[in-house]
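Below you'll find the structure I mean.
The first chain written gets the first letter, and so on, giving A, B, C and D; residue counts start at 1 in each chain.
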Amino acid sequence: MPEISLTHYVVLSALLFSIGLFGVLTKRNAVAVLICIELMLNAVNINLVAFSKYITPADFIGQIFSIFVITVAAAEVGVGLAIIIAIYRNRLSVNLDDFDWLKW
Amino acid sequence: MESSIYSVVAFYGLALTILGAATLVVFVRNIVHSVLFLAVTFVAMAGLFLLLDADFIAAVQVLVYAGAVCIMVVFGIMLIQRADMKATNLFNKQLLAGGGLVALVVALCAVLAGRTAWTELVTAQEVPANTVQFIGTLLLSKYVIPFEVAALLLLVALVGAIVIARDEEVKANARD
Amino acid sequence: MDFPILLTILLAPVAAALIMVFVPKEEHMLHKSIAAVGTFVSLALSLFVYFTYNKEIGGLQFVFGHDLPWIKDLGVTFFLAADGISLPMLLLTNLIGFSAVFASWNINNRPREFFILLMLLITGVMGTFIAHDLFIFLLFYEVVVIPIYIMVVIWGSSKRVTKEYAGMKLTIYLLIGSAFLLAGVIALFVKTTALAGVPDMSFTGMAQVAQQLSRFDQIWLFALMLIGFGSLISMWPFHSWSPDGYAGAPTAVSMIHAGVLKKIGGYGLVKIAVYMLPVGASFWAPYMAVLGIIGVAYAAMGALAQKDLKYVVGYSSVSHMGYVILAVACLDVIGLNGAVANMFAHGVMAALFFSMIGFIYEKTHTRWIPDMGGLARQTPRLAVGFMMAAMASLGLPGLVSFIPEFTIFISGFNNFGGLAVIGIAGIIITALYVLRAGANTLFGPPRPEYNHLEDIRGPELVPLVVLGTVLVVGGFLPSLLFDMINSGVVPLHAAISDALQIGGKL
Amino acid sequence: MLVEFAMQHAWLVPLLPACAFVVIVFLTRPWQKLSAIVAVGSMAMSCVIATLAAYGIFTNHEYIEKPLVYATRWFSLGLPGMPDLLVEVGVQLDPVSAMMMFMVSFIATFIYLYSIGYMEGEEGFSVFFSYLSLFGASMLLLVISSNLLQMFIAWELVGLCSYLLIGFYTHKVSAREAAKKAFVTCRIADFGLLLGLLSLQIIFGTLNLVELSDKIAHFEEYTTFGMITLIAVLVFIGPIGKSGQFPLHVWLPDAMEGPTPVSALIHAATMVVAGVYLVARTMFLFHEVPSAMQLVAVTGGFTAFFAATIAITQREIKRILAYSTVSQIGYMMLALGVGSLSAGLFHMWTHAFFKALMFLGAGSVLHALHHKADVWEMGGLVKKMPITAWTFVVGGLAIAGIPPFAGFWSKDEILVAALGGGHYVLFALAAFTAFLTAFYMWRMIFLAFFGEENPENHPHESPWVMTLPLVVLAAGAISVGWLGTPWHNIWGEWIRFGHPHHGPINYGAMIGSIVLAAAGIYLAYTLYLKDAKKKRARRMAEWFGPVYRMLYNKYYIDELYLWFNHALVDGTARLFYLFDIYVVDGIVNGIGAFARFSGDGLRVFQSGRLQNYVLVFFLGVLAVAVLMAFSGPSATSLLLGGVK
């Protein structure tokens, strides 16, 4: 009987994180990058909740932490989108390859 | 420890959905489709949280991510993209380097996951049945300061997002 | 210990700067007046201090804040004090600072910012001269560097090199110099604290311990300090910032820089490096003498080849600082007296020179000597100031710079013999380039394009009057200057000799 | 009573003109006449005090051996009780300085007076008088100095005044260059003098004249003979420059660019003889070193001859006088060098009168002819300017050495001294120079004042302020030599170094010198007046073509110096400058460039793309994770800063 252990969740989380990271590194569209960051944050949430269940079930540390992560993620999406819109208004583009201003 | 066959099946099913949808998020060429698969991922993840006895998180997940975030992203896309949504979500030149890096991350994670003695960490304790009550109590007692700070953060993000995204003309009008 | 007069002197320009912050920026005249009042308060008080200092008793007087901890664990106190070496320098700073305000009277590009920075600059320089704590000394020194950069880059002028280059070179050179200095000071601090057990950053406290350091330690510590102070005083071969920097800087900065800032190097050499590390100093003295003499001859020759007035004076100041280094290397009473006195004399002279060149540039829009001539006819008062500075530069007796040079020659000739003769021969080359510059600028047929020029008048006369008076009075009454310096040098020399007797045995 | 006062307050003598300088500069500059009155008045008062003080000195034999010294501390270094360096300033009165003080103030008074007429209507009239006052003050300070450093200061200040006054016509390029040349040439000489003074200070610990003379009398206790010789030579370099001796004489003829009263005062009567005065003052030093004395004598004798040969061919009236000055100072040096201080200073004394007279006469002529300076373009001026001409003739007779005019007695004494000392070559040179002097002086006089009038000129006699000094000085040029006749040598009694010298009267030398002088005048008379129509002079110049050209071009020494200055000094300077820009500064800029280039190289990694940075960031994260995972707790604790 294959039992679902902590390891399964951790591996799932790692894979999801990797997919998100891949997207962050390789997508051109700024919105896509933002989405992929959400994926990475979710991967972390899986970890947190899984640890909460298997290691400290009574303390809810993991769950509360993940609530804060969700909060931050929401805020991040809001501000991130605002920035993207502002940039788009100036440059008429959301292609990250067009933006290399960090050079200066 | 709970180990019904349903939970095993449910886990694999949800895990496959999550990974599959996430992969599609990254690989589809239309940004709107990406967002759609993102919503799928989020919903599947809510199921996963139920499996992990985290009812409240699961609810929040559906409300915040699947609901608010996805809708917001779609609005964002509507504001900034052309009418034609084909080939709006392409890869850049870093594809190979990114892939290599991700492979390394995966490999490292695999090695670490294999090496870590998880069983020593795991307790036999059960998750209390009513999670919402505990979380509510904790958030307003032990974690009240982070909670308030988070509230403040949201407020600042709200104001900030408006300020950043607001149009110059709108600003000029507002001044008049 | 009643009225904190040194602190008042130090803070008067700061107060002026603070007031200026709250004055609307269109009020140009008001800004200039506030700056003038601020520097005048400092000048008047420092004159008062200079003449009430008790030379019979000597030592540190007007002490302030020796019990005011700044950083307790490092033994740093906000220790201000004046002795016979720092008082002439303080007076010099204020003389030049006061004149510099009037030399910049015609600045109309952001005068508020200019004068605020100028006040900070003057404060920083004063602070280095009256600080009696090594840390505070360094602190004030760093305060000085930044305003200079900004002032050069905004109000400077580009000729052979751009003002950006000049400002950058000046700043970076001085910062690198001060990095060596800082390394030396930190090492010195670590060594003395290890030796004494308690940290003490005050000059006297530290010196008492430092003089006991082993010969080897003293030698390498002194080398670090020599590079640091050497780049400040533009010792050959660390001099190349000086001509370019002065050429790029606005008049007031050139005046303060050549007049007093450079002297921080010489002052530090005497009051910190030599005083604390006499054994190291005696080891390096011959090398210093050689570098000083090279500096004298080399820079004088360099000045001879110049056609830009500011470059002539820039090289000439390197040349004059060579004498100071030679004098410090002598390590005897006459030499040290001569070194400090020559710094004072050169400060007055260089400031007058730069202010006059500044006016010439302001009026003719050129500093290129072949483009000028006959200005003595059109602007006689300017010519008088220029010639006074020129004559002081070539060490004409009867002006303030002769006696210091004479004492340096005595001491140098006594200690280094034939080598010093090369340095003394510098007076011939100096005469040649100074007279050439003066003659070709001021004399000869007047040029019609300068017929409309207005002579300096009103506030513009202040630098000439103030500095010119000092030049002449100091020339005929050298005891006014030398009695003061002597009261500081004699105890310092006694301490050095005692330490040399022990010879760094520890 | 008054004499007492004057002797005790001799410091007023330089102070009064100094005050006049200040007053003119700051107060009376706008009022020309007032400025002139201030200058002349202060100098006249100085002259009165100087005369009284001199009277006091010359009526008391005691002061010959023991000078009257008032001195005070100027500054000192080191402990008050036992200073490392003590410099005093003071007044030293003895026959030598009293004579000089009187001479300078007396001649200066009349030249100031003359200047009122000469400079009338010139731009910068008041400034001119302020400079003159400053000069008077400095020169008198030099004369009464009790200390060599004080003397050096005054020495340089008179140099400054000379510079300012030579370049007084600031708009003239030639004046500017001449002034510069004068200053720099003197500066080179002063370098030597300064080294000498430094050595004296270091070895003997004092620069006070009285103390020095005591110590140098037994210098063996302090230093070696070689050193003292070197010091004497170094000290003598100063006078070589200031007094226009070969090879630093080049500035003096050029100095004639200044207004004529300046030439008379500074470049004939007073400043240029400061070198002679300095040697006289430091005779105690030279006396110890025969070889230095020899050097002084030879330099003087050679310069006397050398300058006279140049003077023969010159055409400008003031240039001829300038070379004559150089030549006459050579005589003085010769006298000092052969050991006769009284003869040297006696010639200085008489020369001051007749040479000032001649310069003022030349000034009067130039004033009348509107600065036409070529003697060949003058002629017959005696009819229109009788006072100027006849006083000039008096000067000519005096300088040529015709008795009983002043120059005869002093020149005779020099010749006798040279002969008495056994310096036969120098004697022959000096005698021949006497002949040349008579010749070129009278050549000038015949050409300028006699012969045919030049119809282009419209001369007129000068006003009384100019002719009065001429007459007074002419009287001096006649009579001042009677102080030192061989039969009754009052001069030698008072002004001497060591014991007074009473040799037998050498009638041979006396008659010989009269004959030579007469021959010179006669030759000039035949060539330029009697047979002027025959153009013999022109033909002689053609016969001796190369020699004539060489003399006319002053032996090409100026060209040599100019070449040296341009090619060598400027070339070296240029070289130094290029070295500075390209090597020293090159290293500095090289370090800067290194930083910039390495920055440029590293900038490649700074793509500016966000995702690029994320990639690198995660590479770093990965590396840290690998390190933490596989290298055990030590690395982990290192990374986490020791936190478990």
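Heads up, the rule we're going with is that a contact is a pair of C-beta atoms (placed from the backbone, for glycine too) under 8 Å apart; a residue touches a chain by one contact, two chains touch by 3 or more.
Here the structure is a predicted model, which is why all the values come from computation and not from measurement.
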item	value
Pair of chains joined by more contacts [C-beta pairs], A-B or B-D	A-B
Distance from the mean Cα position of chain D to that of chain B, given in whole angstrom	98
Where chain A and chain C are represented by their mean Cα positions, the distance between them in whole Å	61
For chain A paired with chain B, centre-to-centre distance based on mean C-alpha positions, whole Å	6
CA centroid of chain C to CA centroid of chain D, Å	35
Per-residue overlap in chain A, given as positions that touch at least 2 other chains	21, 25-26, 96-97
Of all residues in chain D, the ones touching two or more other chains	611, 615, 618
Interchain contacts, given as pairs of chains that touch	A-B, A-D, B-D, C-D
Of chain C, residues touching chain D in the complex	169, 172-173, 237, 239-241, 244, 298, 301-302, 304-306, 332-334, 337, 374, 376-377, 391, 394, 396-398, 402-403, 406-407, 409-410, 413-414, 421, 424-425, 427-428, 431-432, 435-436, 439, 442-446, 478-479, 482-483, 486, 489-490
Complex contacts: residues of chain D adjacent to chain B	611-612, 615, 618-619, 622, 625-626, 629
Contact set on chain A toward chain D in their complex	21, 24-26, 33, 96-97, 99-104
Chain D - residues contacting chain A, complex	603, 606-611, 613-615, 618
Partner chain D, residues of chain B touching it in the complex	92, 94, 97-98, 101, 104-105, 108, 111-112, 115
